[in-house]
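In what follows, chain A forms one complex with chain B and a second complex with chain C.
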Partner chain A sequence: MPFKQVPQKFNAKINALTIGVGEKEITLGGENVFPFYTFDAPIENSPKIGVEISDLGAYTDVPGIAAYYAGSDTLPEIAKRASEMPGADFLAISLDGAHPDNGNRSVEDTAALVKSISDAVDIPLVIEGSRNIEKDAKLFEKIAEALQGKNVLFLSAREENYKSVSAAAAMAYGQKIGAESAVDINLAKQLNVLISQMGVKTESVAMNLGSAAAGYGFEYVATTFDRVKSAALAQNDNMLQMPIITPVSSEVWTVKESIVSEEDFPDWGPAEARGVSMEISTAAACLAAGSNAVILRHPESVATVSKLIADLM
Partner chain B sequence: MGLFDRVFRGSAEMYAKAEAELTAAISELGESAPMKMPDTAYFLSCIYAFLGKKVTTLGELRDALAEIQSKMTTNQRLKDVFTSGIGTAMAAEVIEATKYARTPTPYDGTDYHGHFSDAEVRELGVPLVTRDIPGFVVIIDPAPTDEEAVALIKGYQARGIFVFLIGGVIDQALRGGISMGFPVRVVPVGPDIWAVGHIISLVERAAMIFGAVTPGDWEAFTEYSFHRIFAFVNAFSPVSDITVACGGGAIAMGFPVITNDKDDMWAVPKSLIIQPDTTDFIETSLEARDIKIKVTNIDIPVAFSTAFEGEIIRKKDMRVDINGARQDCFELVRSRATQDVEDHKIILDGPDIDKFPEGGAMNLAVIVDVYGKNMQSDFEPVFERKFHSFLNCVEGIMHTGQRDIIRIRVSNAAFEAGFRAKHFGEVLYSKIKSEYEAVVDKCQVTIVTDAAKLKELRAEANIAYDKRDMRLQSMTDETVEVFYNCILCQSFSPSHVCIVTPERLGLCGAVSWLDAKATNELDPNGPCQVVTKKRPIDERTGAFEDVNEAVQKYSHGALEQVTLYSILEDPMTSCGCFECICGIEPASNGVSIVNREHTGITPLGMTFSEMASMTGGGVQTPGFMGHGKHFIASKKFLKAEGGIARIVWMPKALKDTVRDRLNKTAKELYGIDDFVDMIADEEVAEDAEALLEFLAEKGHPVLAMEPLF
Partner chain C sequence: MGKFIIIGERIHCISPSINKAMQERDPEPILKRAREQIEAGATYLDVNIGPSEKGGEDLMKWAVTTIQQACDNVPLCLDTSNKKAIEAGISVYNRSKGKPIVNSADAGDRIENIDLAAANEAIVLALCSKAGISSDNDERMGYCQELLERGMGLGLEPEDIWFDPLFLVVKGMQDKQMEVLNFIKDLSDMGLNSTGGLSNISNMMPKHIRPIMDSAMVAMAMFCGLTSAIANPQDLRLMETIRSSDVIKSNTLYADSYLEI
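This part shows the complex of A and B:
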């Protein structure tokens, strides 16, 4: 019997979320089929890759990353170099140095620093927080003000601070925000409902559903992403139709496989190659499960994942 | 003269003043002179918001004023009062704007703030939107005395309310030494009533910035301020016509006006409130605007944390022992009328802890009275049950039991740190106000330690408990309007949905219908949502179209349909946290129920864990069902298959737990006495053969029932 293809495209679709301005602006989401199901219907906006740097510099404890940024000394230079990485669609800045336990840089100084980065690059910006909920609310407000008109995405608004982040970043200054939850479809949906009840348009919201490095409970991530995408498309649940953005690098560069030295584990081979493999495999898995954007660090990972996306589209 | 006429007269007055000021400014500066408020992208924002006009010159301002006048209609209708009132606010903006036409800094060198910049609107807007600032008050004109003015301002400050001052009250604040300015949240706006133009300008810009309301959409602006801006006005006697007109505008925007002026004033429920006693202004105002102040800190001399929840206080470490089994002790939550509850009042009736013998017994009752617009007496037991965890979190306090069988121990260390009876009140007040913010407006705690009064009070409390129990017992699936779902467990059992009904509580045993109802009201976006029951399919099995739709929705499509009362036809699924599992025992045509605590084998040849692996995970397995212990005595238990008469086996401990209630149900359903004695347990049978023998010997009703298959 001949194979007859029945396209599985849905009447619902993922919201299209644009970040950045001008020629280099990017759009996440917008598709009405499952991830990479281009045989069902064309996917207009391919998944995007962000390159992550810290406000303390590049993550140079990995030799390959250090080599890539060699010669870039100031943060704006590092940012510019990151923005030129082949395959990079946007720049993600982690505000590590603003965390109270890690230097506690002031809100004003951090905003000025981020502004200097923004002035140095032309690709869209994603501002990751300091991982301190209270500080983030204050940081995002000031940075949103400093970067007015730049259309940046703030990661993330969480259950504890979504009110401040929504009001300050999305409402007062018209920026985009990411709603962060911990690998749970109901919590994700609840947060989206709460944020939209604040008066933030659903089109201004992305979701960071959380992640895990491959092998570290990734099954939960995969099934959560899967369920979110199928609720969004098959059930037309508009509180789950936000595009998904997943910070991968912060998960993978801390696990044992990426950091233990070759001296300690001679059978495992060079540490850097392992880290890159972790980053690539986790990113690929996230994309296959439904991420519309992933955030990575290593130039080799960025090159490989960008080729993967190009080949699958 | 009526209230309407006062509004119309006041608005005409404001208009006349605006026209005079504008004419003077034009003759001085010319029509084409630029008209720009400093540091704003929203022009004259009241006019821009309500009329959609971008005023940039004095000439354009004159055109706008003409349009404002056309809004000041004077028919004896509420609508005219509203449009005239908002017209008055716009005219006020015109008067203030003429000052800015002459210089961008007309208030320099004065105590007044004047116009707010866009940056200030955003700075104030963010905490207003997040409710970190619960609201703001506009205080107009001097209070009867300086002391009253200072007390009022400080009272609002203490509650985090942003304060704007207009007119003579500013001088009172200055004399009273109140520090003022944007950062301390007390802003002296201007000396005259037209300074309200600046405040309304701020409100309308907030609507444009945070609400993306389109300029010119009059109704959208009033709607936005009504729903999103928690403001209100306090106007002191004597209130002039022009202030009354501004009040009309405030009410049109959803901001109630509270005044102590009784002359020529007409109270309008929820909008214009006459409160002669200025010391009650704050409470009256907050209630009128429905503002709830968040309570975050607990004022007690010892620590409060979940870390202390499991703390055991031994006899030798104990200062007093409060024991409901020996003395008259109890806990009770009562919902009362607003006038019977004074917020944060804590009353100690009787001697304090230090008057009781060291290491000895103490009698104590805690009565918590709450008032709330959305409070329901069904929530009383829900709050009461939380006392246990609230009080246990206190360092040096151990709490067990509930109602009049409580047992509380206060440790020597807590006593020495200063813990006294009133601190029970502080803890409960803070926790109830913060956790049940959605339904509790006011909360008052009475601690009674006077033995003479306790006997009678305890009897009264028991009447209240009995009433509640009666209500619970009388509640059936048929008598309620709606059921609730519960998806609390979906984090680890993604496709499971519980349908919670009065006669079938959640399978974990922790969520009854009342709990689900309370959870829904307290957290409307939370895990429990209303499930209607309007379209029954089959009464016998408890199948409803609405329930099926809810199950499909909340399982994200994993489940199609469930029944509420059948174990064979689409039984309800289980997450994994069931208290008991019920499974068909084919030899007897009955069912065995095994509870989680029982580790032995059942006549089905399986243990609890083996049965659990077939039952959990949100999968429908006909013949197996997870459920709560309380469900066993329900008339709806296995109703489709003939009810509780199908139960042939239960572990002894479980039998003892449910004995009384199950016997009662059996008597009511079948007229059988001591039904539980006919049910086998692990001592008489662990296999089918011995089970059948036992059932035959006891004459168990299942033997006469139709085969299950």
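This part shows the complex of A and C:
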């Protein structure tokens, strides 16, 4: 019997969220089909890749990353170099140096530093926090003010600080925010409800649903993404129609497979190749499950995932 | 499955203030009820203009445009026995938020409303009765098949025929309640959509009891597969029950604020 293709049509779509300004601005989401289901309907905005640097510099403990940034000494230079990485759509800055246990750089100094980065690059910015909830709320407010008009995305607003992040970043300065939950589908929806009840437009919100390195409970991540996309499209749930952005690199570059040395585990081969494999396979899995954007570090991962996206679109 | 669909029943010419507003073409009392029902969680709004044999076409056109323009093109259920008035309403209807619903066809005098819906790409409520109340589920199913075949023959999608088993009043027809529920289950097993005037069941009961009885019925009917109801969305207990049942059926993903959205 001949195969008869029946397109899976949905009367619902993922919100289109734009970050950045000018020629290099990007749009996440907007599709009305499952990830990469271009045979059902065209996907206007392909998934995007962010390159991650720290406010303490590039992640140079990996030789290939160090080599890529060789010669870039100041943070603005590093940021510019990152923004030029083939396949990079946006720049993600992790505010590691502002964490109270890691230098505790002041809110003012951090905002000035981020401003200097913003001045050096023309691609959109995603500001990842310091991973300290109280500090992040203060940092985001100051940075949102300093980067007014740049249309940046703040990762993330969490259950504990969504009020201040929503009020400061999104409402006062018109920036975009990501709602972060840790592989908890009900909390993901609840946070979106709470943020929208604050008065933030749903079109200004992305979701960071959490992640895990491949092999580290990733099946929970995949089923969570699946369930969210299917509620958004099949059930037209407007509290889950935000595009998904997933920080991958911070998960994969800390697991054993990526960091133990070849000397200690000769059978496993070179550490860097393993780390790159972890980053690529986790990113590919996230994209297949529904991420509209992934955040990566290694130039080889960025090039590979970028090609994967291009070939699948 | 999608969320349970509530067709708000409060724009009804049997209400003196609505009747007066319709006769005088005074938008405000009607829009007030429209907004209240939308706010409370109605998906569709029923617009009942009565038989309106005279001037029904103008009245329905006026009601459709007035409500849709003021309420972001909320989808409407056009409720009158005057077929020309329904057609007139559809002619000015904005479909951006959903197809119009024709309320209603049956297997008797009103069977041509199936044709009307098919000709106008509308949804139709199809009462599984002919003249009076069907005596048992075999009779209901016979009418259901008849209506379904007629609709499909005219190009209606089965999903656009919402079958109404006819909810029956408990006070007087208590022994028929499980039969109605079993019929809803039969419709659901056939993959068909269903609806009905839920509050029929609590007619003539004390006012404070009606929300309790209606809520129990909607939960049991949703378990059996009921997909929508014509009801009062401002009945808080009823709405809480529907939203909770939607969660239990996984029609919507749970979040702590599920009662507020």
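Note that in this section the second predicted complex is superposed on the first by the 313 of 313 C-alpha atoms of A that agree within 3 Å, B and C clash if a C-alpha of one lies under 4 Å from a C-alpha of the other, contacts with A are read in each partner's own complex, and residues count from 1 in each chain.
Please note the rule applied: contacts are C-beta pairs under 8 Å (C-beta built on N, C-alpha and C of every residue); 3 or more make two chains touch, one makes a residue touch a chain.
For clarity, every value in this text was computed on a predicted model and none was experimentally measured.
Once the two complexes are overlaid through chain A, chain B and chain C clash, as defined at the top of the document. When the two structures are aligned on the shared chain, A:Ala167 is found in touch with chain B, with no touch to chain C. After overlaying the two complexes on the shared chain, residue contacts for A:Glu25 are found with neither chain B nor chain C. When the shared chain is aligned, chain B and chain C each come close enough to touch A:Gln190.
Touched residues of chain A, counted separately for chain B and chain C, are more numerous for B. Judged by the touch definition given at the top, the superposed model places A:Asn236 against chain C, while chain B stays out of reach.
After superposition on chain A, the chain B segment that clashes with chain C is 531-539; the remaining candidates among 81-89, 531-539, 603-611 or 675-683 show no clashing C-alpha atoms. Touching of chain A by both chain B and chain C, each in its own complex, is seen for residues 185-187, 190, 193-194, 197, 227, 231, 234-235.
Residue ranges on chain A touching chain C, taken from their complex, read 185-187, 189-190, 192-194, 197, 227, 231, 234-237, 239-240.
Remark: chain B residues 122, 125-126, 129-132, 209-212, 228, 487, 490-491, 494, 525-527, 553, 556-557 touch chain A in the complex.
Contact residues of chain C toward chain A in the complex are 2-3, 251-257, 260-261. Considering their complex, residues 141, 145, 163-164, 166-168, 171-173, 184-187, 190, 193-194, 197-199, 201, 223, 227, 230-231, 234-235 of chain A touch chain B.
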